[in-house]
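As written, the chain order gives the labels A, B, C, D and E, with residue 1 at the start of each chain.
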Amino acid sequence: AAKEPIRIGLQAPITGPWAYEGEMARNCVQIVADEVNKAGGLLGRPVEIVLGDDQGSPKQSALVAQRMVSDKVAAVVGTYGSSINDPASAIYERAELVNIAYGSTAEKLTEQGRKYFFRTCFRDDKQGAFFAAFAVDKLKAKRVAIIHDNTTFGKGLAEAARRPILEQKKAEIVFYDAITPGERDFTAILLNMGKQNPDVLYFTGYYSEAGLIIRQMRTLGIKATFVGGNAAVNDEFVKIAGLNMAAGALQTQEPLPTDLDYPQSKTFLAEYIRRHKEPPSSPWPVYAADAFKAIAAAIEGSGSTDSKVLMNYLRNSLKDYPGITGPISFDAIGDREGAIYLAYEVTADGKFVPLR
Amino acid sequence: MSLLELKDVRIAYGSVEAVHGISLVVERGQIATILGANGAGKTTTLRAISGLIRPRSGSIRLGDTDISQIPAHEIVNRGIAHVPEGRRVFPTLTVEENLKLGAYKHRGHPDKVSSNTGRVYQLFPRLEERRLQLAGTLSGGEQQMLAIGRGLMPDPDILLLDEPSLGLAPKLVQEIFRVVREINGQGVTILLVEQNARLALRISNHAYVLETGRIVLSGPADELRRDPRVKKAYLGEK
Amino acid sequence: MRTGVASAAAVSAWRLPCRVKMVVFLEQLVNGLTVGAVYSLVALGYTMVYGVMRLINFAHGDFFMLGSYLGYTMLVTVLAQSSLPLWAMLCLATLISMGAISLLGVLVERMAYRPLRKSSRLTAVVSALGVSIFLQNAAMLIWGARYQAYPPWSVPEVNWAPGGVHVSLMQLLIMGISLALMVGLYMFVQRTTVGAAIRATAIDHDTARLMGIDVDQIIRIIFVIGPGLGAIAGVLLGLYYRQIHFTVGWSYGLKAFTAAILGGIGNIPGAMVGGMLLGILEMLGAGYISAAWKDVFVFLILILLLIFRPTGILGERVAEKV
Amino acid sequence: MTLSAPLLSLGAVSKNFGGLRAVDSFDLNVKEGSITSLIGPNGAGKTTVFNLITGIYRPDSGSITFRSSALIGMLPHQVVEAGIARTFQTLRLFENLTCFENVLAGQHCRCKAGLVACILNTRARQAEEARAHSEAERCLRQLRIWHLRDELARNLSYGDRRRLEIARAMASGPALLILDEPAGGLNERESDELMDIIREIRDSGITVFLIEHDMRVVMGISDHVAVMEYGRKISEGTPEEVQKDPAVIEAYLGTDDEDEQAEAEADAEAGESVQ
Amino acid sequence: MRLEFTKPASFIRAHSAWFIGALILAAAALPLFISDYWTDVCVFWGINVLLGLSLNIIVGEVGLFNMGQMAFFAIGSYTTAILSERFGVNLWLLIPISGLIAAGAGYILTGPIIHLRGDYLLMVTIGLNEMIRITLINNPFGLTGGPNGLIVLDQFRIFGHVIQRPIDFYYLVWAAVALLLFCLGRLQRSRVGRAWNYVREDPIAAEATGVNTRWAKTLAFTLGAGIAGAAGTIFATKMMVISPDSFTFMESVILFCIVILGGMGSIPGVILASGAMMVLPELLRNFAQYRMLLFGLAMVIMMIFRPQGLWPSRRWMTRLKEGGGE
C-alpha cells in the first residue's frame, strides 16, 4: 500500500504582479521535490507540495498561512516579499510551524525573536555592506547616488547600503530618491541625479526598471557607473536596456548557480533549463529550492515530521548542508550563515562574469 | 388603404403593462389626435410606433408592411418621424447641426439636406436667424420649433407630434398650431398627442380618447368636440 | 535624514549655471510631453466611451496593454521572418495590433457591456473591472508573467541633442503620431456626419434613434476607435520603453483616466490637454520635488484644480439647469 | 392696498448668465395671504427668479427680503427653513422612494435629531418622528393622494406626481409656497382640480406664488399678476388689468381672434363635415 | 399608522425575529464545525463586511462614488499600530480612537471635494487612496515604517482571555458586525438615513426641500471613514503586521465592487457580496494561475445576470431609460 505522503507547503505569489517570481519558485521546488521522490522520498514516504497562492497581498498571505496550518503540512517554504511574509510568519510562529523564506530579505524579519522562521536568502544588510565596501574601496567612488523602488526589498537594500557609507564618511551620498515601480519614465529623476555628478549609481530595485534606468540614463549622457542590486541585472535587463547600453553594468550578487562549482548546482540548473528552456531569471526561486532541500534534510536527518523537532534540527544540527546555492547552516536567529557576495559585470556580449 | 394602422397593440414596461390593446387608424393627409389624461399611454403609443419600444403583441402597419419589430433607426427611413415629448433637441449642437441630424437618412445627398433645411427655415424664419446658436440656449418655443423642423428633415410621410404645446406661452402655442396646420397643408400626415384638447380638436380631422391604456372614444374631431363626455373630462366644461 | 539629502540636492540645483538649468528644464519638458502624449492617446479611449455611454471603461487600460503585447508578438514572430524594411514592419505590426484590439473592443462591448446598458451605471463599471481582471490574467497566461522586451532591432535608435537637450526620434514620433491622431479624431467628430451622429448619441440615445441613427452601430464605432487608439499607444510605448508587462494596463490606465478627468471627461481636446498636463506635472514633481513624493504632488494639484474647476479644464460647466 | 409690509419683496434683482441678462432689475412684492402669478414668454427669466428666491442661484445685485429679513446668501435648505417651499418646472421627485418618504423630506428641516439621537432612538427623536409622520399624512391627505402613500414615486401618474411634489413642499410648513408651472401637462379638468387645491392652500393661510402658462389657471385664481419679458417686469396688476395691457398681448398672449373665428367656423361647418 | 415604511419590506422582515434569532445561533455555532482556515476566511469576510458597510453608507446610501475607502482603513490600522506600540494605548480604547482619527481625516480630506460630480469624485478618491499609501511608504517622520510597515504585538484581552486564535477573532469581528448592523438599521429608518437617500435620488431637490446636502454628504463620508478606521484596529491586531501593501487601490476597487454587487444600499447585499468575493477566490484556489481569470469572468457574469445586485435593497426596477443622457 502506498504510504501517506509528507506534505510540504509552498507559499508563493502565483498570480498578481509578482506572478513570475511565484511561478519560478514553483518550478524550482518542483524539480527538487521530484528529485527527492525519485530517490524514494523521505522516511520512505513520498513528498507532496501543497501550493498556496498569496497574490503578493498581505491579507491573502495571512489566509494562506492559516490554510497551511489547517492542512497540517510538515513545514512551509515561503514566501517571496518581506512585507507579505511578515503576517504569514507571525501565524506560523503561533502555530509552531517551520517556515523558510526564500525571497524575504528585510532585516527585521529575523529580529523579532521568532523561533520557527528561517531563510535561505541573505539579508539586505549583508549585501548593503558589500556594496559600500565595493563602491568605496574597489570603484574608488567619492559621490554615490542611490535609487530604490519603494518596495520592501528595494528600500531595505538601499537603506542598508546607505548606512555604512554615511558611517565610514569616505564617500558622499549625493542623491537618494525612489521611483515608482510599474512606471516607465525615469528621466526626470535621472536628470536630477545627473546634476549631482555621481560616480556610481546603486539601483536596488528590479530588472524591469533597472533596464529602463540604465538606458534612459545613458541616453541623457550620464556617465556614472551603474551598479544594480541582486534583483536588477539579468538577461531581461540586457534585453530591455539593449546590449550597447547594458554592457559594463555591474551588480552586487550572490554567486549565480552557473558560477557555483557544486555539482548539485550544475545538475539543478541543467534540469531547470531542460524543463523550462532557460535558467531562472532571478536568484530568489533557487533559494526556494534550497529551502525545500533544507526541510527535506531536516526530516531525513531527524527522522521526524514534528515541527518542533524540525526546528531544533535546523537550528542546531544542520551544518553546511550542500544546497544549490552553497552550504546551508542557520544561525541563532534563523538567518543563513556565510553570505558570499560578488560583483558581476555585464560583458560586451551580454554575459555575466564575476569581476576580478 | 390607410397610412398607419395599429391593431390590438399591447405595450409593457418590464412587467407592467401600460397600453392594453389599442387599435387606431390614420388616413393619409389627415391630422389625427390622441387625447387623454396624464399617464394614459399616449407617449407610450407613439414610442411604439416609432420603434423606441417593442410592443408586447399586436401589429403596427405602415402602408402594407408591419413595422412593429423594426428598430427605430430603420423606421425613420420608412417615413415616420417622431417629435418627442419635451422637445429633446441636442443642446450642445447648433441649430443647423440639429437639423442636419434630422436628415441623417439623407446623408450623402448634401443638396437634399440643404433644400430641406431651406424649407424648414421658410416655415420657421426665427430658426434661420439662430442657425449657428447652440440649441440649448434657445427659448422653449424656439426649441419646439427646432424639434418640429428637425422632424420634417427626413421628408416623412407621417409626423408624430407629442405635446408640442407643452410649457409654451399662449402666443407661441398659437404659432405652433398654425405651423402644424401649414405642414399638414403641404401633404404631411400628422398624428398629434395633446393636452390642450380645445386647440387640438380644432385643427384635427379625427380623434381618439385614450384612458389608462385603452381607447374609450373615437370619431371625427367635430363630433368629439361636442361629445358631453369629452366636454366634461377634457374641456373642463360642465 | 533623507529629506536632508533631497533638499541639499534641490539647493545645489539652484547654484547651477542658468543655462544648464534651462537645458535640464527643456529636457524634462520633452520627456513630460512624450509621456503625456501616451497618456493622451489612452485617455481618448476613456473619454470617448464615457462620452457616449457614461461608462468608465476600466478595461481600457488593458486594451492598451494587449495592444502592446500584440505588436510585440507580430514583430518577433511573423514580421521578423519577412524581409520588409523596418518602417513597414512597424506600420504593419501597429495596424494588425490595432485591428485585433478593435475587434476585441467590439466583442467586449457586445458581451459585457451591452447587456447592462439599461442598468445602473455602476453595474457596468463593475463589469468593466471584471473584464479588466480577466484580460490582465489572460495576458499573463498567454505571454507569461515575466517582462517581455521589444527586440532591439525593432527600435529606431536615433537621437539628437540640439543645444544639449536630448531628443530621440521615438519621442518625436510619439508626439507627432499622437497629435495627428488626436487632431484627426477631433475633425472626424466635429466635421463629419457620423461625427455629429456620435455627438448626438452622446447626448441622448433615444432621440438619436429617432433621427435614424443606429445607436448600436455608433457604439461599435466608438469601441473600434477607442481600443484601436489604445493599441497604437501600446505599440508606441513598447517601442519607446521596450519592456512590457501585463500590469502596465492598470498603471497607465489609471494615469490616463486621471488625465481624462483632468481635462474634463467626455471631451476630446480635454483628454489631450489633460494627458499633456499630467505628463508635465509628473515631470515637475519628480524633477523638482522628489520622485518618491511625485504622485502625491500630482494628485494634490489635481484635487486643487478640481476644487476650482469642478468639471476639469475643458469640461463643460453645465450648472445643472433647474 | 393695506400698508402692511409684503411677505416677500424683490428689489432691483439682477442675474447674468455669461453675457445673458436673464433677470434685469426686477422688482416685485408678494402680499401675505394672496395668490400671485408670474407670467411671461418662454425664457423671460421666470424660473430664474424662483431660483434666485430659493437660493439655488445667487443674484448679482439687488435685494430679496422675506418677512423683513434678507434671503440673499442663504443656501436653499436655509431658505426652506425660513419658510419658503417650492416645486420644480420639470418634476424632481425622489423616484425610487415611496410617496410617504417623499413627503417626509419636507419635514426634514423641522426635525433636529442628529446621528447619535438616531442611533440611540431617544425619546425626543421618537416624538419628533411621530410628529413628522402626522404632518406628512396631513399633506398627503390635503393633496388627495393619501391612498398612494406606499407607491414608489416613479410608478405614479403624471398628475399625481405633480400633486406629490406640492405635498412635499407643503410638508415643510411654509409661509410661502412657490409653484413653477403646476398645471403644465395637465388637461383642463385636471387643472380645474388643481385650482381648487391651490385656493384651499391659500385659504389655510399660506401665500402662493406661481408661474403658469395656462391662462385659464392664471386668470382663474390669481389675486395679482406680474408679467416678465427679457428679464424685466413689463406689467403688473389684477388679472383683468394685465389681460388688457397691450404690451402683454403683444409680448405674450397674442391675439386669440383667429382661433375664435376658427372655432365659430368649425362649429358652423360641423353639420356637413362628415369625412 | 405605519412605522415600517423603509427598506426591504420583504418576507424576511415579516418574520424578522425568528430569522435573526436562527441566524445568530447558526453564526455562533459555525466555527465549532469548520477548520481554523475557514474560520479565518470568515474573519476576513467579517472585516470585509465592516468595510463594505462603511463604504455602503457613502456609495449605497448617499450615492457618492468612492474608490478610495482603503485610505481610511489604512489610517485606522496605522493609528492602532503606532499608538499601541509606541504609547501602549489599550486596544479596546484604540477602536474608538482609530475610528475618530479616521473620521477626522475623512472630514478634513473630503470637505473641499464633496461637491464634485460623480466621476470626478471617483477620481479624487482614487487619488486620496494613492496619496495616503505613498505617504505611508515614504515613512514620514519615521512613523509608518515605510514599505516594511509596522507590527502590532498587543492583543485584545477580555476578562483575562486573550483574543488570539481564529475562533476568538471570529466572535470579535462578527460581534462588531452585529453591533454595526444594529446601528445602521436604526439609521436607515431615521431622519439621517432618509436624508442620505434623498441626496442620492436627487441632490438638488433634496436641497430645495430643506435637506442640508452638504451636511448629509459630509456626515456620510465622515461616518464611513470612521467605521473603516475602527475596523482597521481589528485588522491590525488580526494581521499583527501591517504594511502599505494591504491598502492598495485594487483593494478599494474590490470593496467598491462588493457594494455594487450586493445591490447598492442593501445591507444584506453587502454581507452576501463580501462573502462571495471572499469565498470565491478561495474556492478557485485549485485553479492556480487561472484563478483570477475566472474571478474576473465571474464578476462580469454576476453583473449580467443580476444587474440589480445579489440582494437589491428595493425592487429597483431596472431603469428603462435607454442608456445615454444623464
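FYI, contacts are C-beta pairs under 8 Å (C-beta built on N, C-alpha and C of every residue); 3 or more make two chains touch, one makes a residue touch a chain.
Note that this is a predicted model, so its numbers are computed, not measured.
Enquirer: Starting at chain A, how many touching-chain steps does it take at least to reach chain D?
Expert: Shortest path length, in steps: 2.
Enquirer: Which two chains have the most contacts between them?
Expert: Highest contact count among chain pairs: C-E.
Enquirer: Among the chains here, which has the CA centroid at the largest distance from chain E's centroid?
Expert: B
Enquirer: Measuring between mean CA coordinates, which chain is farthest from chain C?
Expert: It is D.
Enquirer: Could you please state the distance in Å, as a whole number, between where the Cα atoms of chain A are centred and where those of chain E are centred?
Expert: Chain centroid spacing, chain A to chain E, equals 36 Å.
Enquirer: Taking the mean of the C-alpha atoms as each chain's centre, how many Å separate chain A from chain B?
Expert: Centre separation, chain A to chain B: 74 Å.
Enquirer: If you average the Cα atoms of chain B and of chain E to get two centres, how far apart are those centres in Å?
Expert: 50
Enquirer: What are the residue numbers in chain E that touch two or more other chains?
Expert: Touching at least two other chains: 134, 137-138, 204, 289, 292, 316-318, 320, 322.
Enquirer: Scan chain C for residues touching two or more other chains and write them down.
Expert: 137, 140, 203-204, 206, 208, 215, 250, 292, 295, 322
Enquirer: Scan chain D for residues touching two or more other chains and write them down.
Expert: 56, 88 - these are the residues of chain D that touch more than one other chain.
Enquirer: Which part of chain E faces chain C closely enough to touch in the complex?
Expert: Interface residues on the chain E side: 59, 65, 112-113, 115-117, 119-120, 122-124, 126-128, 130-131, 134-135, 137-138, 204, 249-250, 253, 256-257, 260-261, 264, 289-290, 292-293, 295-300, 303-304, 307-308, 316, 318-326.
Enquirer: For chain E, which residues count as touching chain D in their complex?
Expert: It is residues 1-3, 5-6, 183, 186-187, 190-195, 197-198, 201-202, 204-214, 219, 223, 314, 316-317 of chain E that touch chain D.
Enquirer: Using the touch definition up top, name the residues of chain A that touch chain C in the complex.
Expert: 15, 17, 19-20, 22-23, 150, 173-180, 182-189, 191-192, 195-196, 207-208, 211-212, 215, 219-221, 236, 239-240, 242-243, 281
Enquirer: Can you tell me which positions in chain C touch chain A when the two form their complex?
Expert: Residues 2, 5-6, 9, 12-13, 16, 20, 24, 27-28, 31-32, 34-35, 137, 140, 144-147, 149, 152, 155, 157, 159, 161, 166, 168, 237, 240-243, 245, 247-248, 250-251, 282-287, 290-292, 294-295 of chain C touch chain A in their complex.
Enquirer: Could you please specify the touching residues of chain D with respect to chain B in the complex?
Expert: 20, 39-43, 89-90, 155-159, 181, 184-192, 213, 215-216, 251-254, 256, 258-259, 262-263, 266, 269-270, 273-275
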